[in-house]
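What follows is a group of structures, each given as structure tokens.
You will see chain A twice below: alongside chain B first, and alongside chain C after that.
Moving on to the complex of A and B:
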């Protein structure tokens, strides 16, 4: 690779990069080349973000919208995990189930989660049910796939030992497959949280009457670019917090298992 | 002899048997699902047609959209528009993302300079750019290309970057030692070395492109599959919704296949190398 650089250099360059990015943005919006309505400066976005923290826009404050979004996200994500993980484990254990479910699963996988929006709205309405179904559609596949992989790649010696000792299937699943696929399941949860959060944003842009996505659509309709950008910042921050939390959890589990590289 | 070669197939474990078990169970499942679908909607009417369409309603919706047209155009026009936008946004993202990934992988300075910008932009999901794109560019093609570009750009940069960093050190050192000119170094060492990871990135990019396009079209568009879905949702037309979803799935599957074929062609040397290694 190209020459190594010192830590100091790397931090310095990093700050320079950020400064260039923000400076260019601030400069563009201050120069008047682009109308301020369409490109508010970083400082204005920050201001707007702070204002939205305690001023209502589109029916709620920013924390209120975030709470509404997060509630939906939590329901959809937990539902996906509660159905997806057992399904994946069972598919890894019972070959017949795998052979039955896989073709259906593969066919449905190519439908983008967002394409479920019309049916979700038709079946569960646009309040809380519809968005939950979209989150479910986004978060479900990684749960299944990772639980399946976890169960498939369990050390065969463990299963053979359990079989030799005459352990019943149910106990093999609960006491051998489940514990040894935990690391893979946790990684799957991290992926599915990311996809679920993204699907939620999409769902709220299309059908919802509250939530950050809804706030952004209202901002767009009122040509308030700074509100839209503040919404993007909020979504990014929550997504980042979710990812960081699950990553920490993943590392904790790996450490306990002595799997850390 | 000819017939035998059709029926007797050796599976991956070397077991020989008539038509592999996996495939026949898969086909049986799909057949059963189709029968169930027919039974639930048409024969017994357990699922009302306002909730989920019967096969006949789906077929008539398909005839409707391909003949008279629906939501502003016929099926060919919608498919053409969606496909065109995905391909354009995707190619644009590759053309910008792969070189940037190569640069970041090659030069530590470029990495240190660009990475923090990435770190603050990356957590924002591509779909969250849709309202901004509409504000900036309206409901036309340009806004869609912008969001597709955005969603496909990030995975291509990250995977290209990782691909360059995964190239065996001795290969790079040999190239340096032999005094390879920069241009040839890039085209003959960096790009081929990183290409397996680049293709992984492209597959992710392609999936992201489709999701983003459908979402963007659902939010607002004049043509496209997402537009069909959107109008069908407002008209409470389940048959058309299903047709739209099937179209999305087929397009996603088809483009992934094309990319897979391109990958197999481009990486033929790699498969051969892996096979030679054992």
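Moving on to the complex of A and C:
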């Protein structure tokens, strides 16, 4: 059975799931089985979220923390894209570079970004470099991998065509590999943005001034679990918005591509 | 100049001994400005012959050379027209044709002049700004031929260039290629499995055996064409009706059928 589900039904079912989840959560809190410190109720979290929108906590309002976080994220993410995409394309073109870099890269990418926290603190102190480094560690691998795949799966006939036209490597990379890899690179950026944003809380554990992660650490220190959860909600919402935007961009590119093929 | 020479050429895909032997003892010389078509049963290695001249494959045995220089890598002196066109989808018609000239560091004014001339010759002028996906198969192949011709190569390599086109378009393209080849002769190596096409276009037709492919026979078409004055007929169907044409075609058909029969025996 594979009935077609309409968009309206799909949205309705999504809300149903969310309502069940929130209802169960609220019920658990109200039943008195667990204390509010252990599990703040959804309504409390909502209240706290709304309060934090214009009241300062740990030095800034929630939008203020988010702005600080987003700036760090943007630096780390853009740095990852700026280094990762060219590296992936070059690895896809130069066999030698691929052989040299791949083993190292394949081992390093399994180290969770958060594992870099001690070194980020050691090398950068509480400056902006530390969190950027951790976000970079999360966002870098998908940029490299997808640019690499894009370059590897270019139609071999186009490479042959470029070769018989006497195209130098630099030009093959810029005018054949890169445009051909665009769809793969864009989906890489989407995954990369998600992982980078996820690494944020870890990154901000070592930041002493502002940021959603910092706000949550301060909430924890003050035994304000509802503040911690409001931070989680904010991270989730911004992550969702980011992914939606990149997904729309991806669809736009694919649609343009589809017309080209 | 553009003399292609195959000297005792063999090609084995995979390890010697256990690999697939695609070609064996190929000896063929294609003279300057001569148009040679290779026909053969599918899988006989005719495309591999072309790919070795292009520099996409290396010979396992023997030497493939152009003007005496053994071929090592692809280059714009040996332009290729592919069966599947292989145009860059993100480049306009103009930019597709321009790439090879840019690689040769031709000045921009000369590039513009040469591209305009070839667009005009191939009836593509009004499509200069179009992208490949906006064109029909026949038009796309015209762009691919223009992209090769604009480089003024010594050697033109055509790998079943009309194989992906419908029958009507194919005929038009064949007529145009004859027109182009007579006006602007090049050394052409043309791979096809269509016998009529080979006889209609080529000066000589080489027939290959089934794998491992060898040259079974080389037929001189040019002398017949000139003697019977085929080129006075503008339309392909008029040429195809001529007794001399039918005779050559039937000869090649028989020869190929023998190969097919041997394959199934």
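One rule holds for everything that comes next: the second predicted complex is superposed on the first by the 235 of 261 C-alpha atoms of A that agree within 3 Å, B and C clash if a C-alpha of one lies under 4 Å from a C-alpha of the other, contacts with A are read in each partner's own complex, and residues count from 1 in each chain.
Here, contacts are C-beta pairs under 8 Å (C-beta built on N, C-alpha and C of every residue); 3 or more make two chains touch, one makes a residue touch a chain.
Source: prediction; values computed, not measured.
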Partner chain(s) touched by A:231 [first = chain B, second = chain C, both, neither]: first
Touched partner set for A:83, first chain B, second chain C, both or neither: neither
Superposition-derived comparison: chain B or chain C, residues of chain A touched: B
Partner chain(s) touched by A:167 [first = chain B, second = chain C, both, neither]: second
First (chain B), second (chain C), both or neither touched by A:107: first
Contacts of A:179 with chain B and chain C, given as first, second, both or neither: second
Which superposed partner A:197 touches (first chain B, second chain C, both, neither): first
Chain B and chain C footprints on chain A, overlapping residues: none
Contact set on chain C toward chain A in their complex: 54-56, 73-76, 78-80, 82, 84, 86-91, 99-100, 102-104, 131, 133, 147, 151
Touch list for chain B against partner chain A, complex: 21-22, 25-27, 29-30, 33, 51-52, 105-109, 112-117, 120, 123-132, 134-136, 165, 169, 172, 207, 210-211, 214-215, 218-219, 226, 229-230, 232-233, 236, 238, 241, 244-245, 248-250, 252-253, 256
Residues of chain A that touch chain C when the two form their complex: 155, 157-158, 160-168, 171, 175-176, 179-180, 259-261
Chain A residues touching chain B - in the complex, by the definition given at the top: 1-5, 9-11, 13-18, 21, 38, 96, 99-104, 107-108, 110-119, 121-123, 197-199, 201-202, 205-206, 213, 216-217, 219-220, 223, 225, 228-229, 231-233, 235-237, 239-240, 243
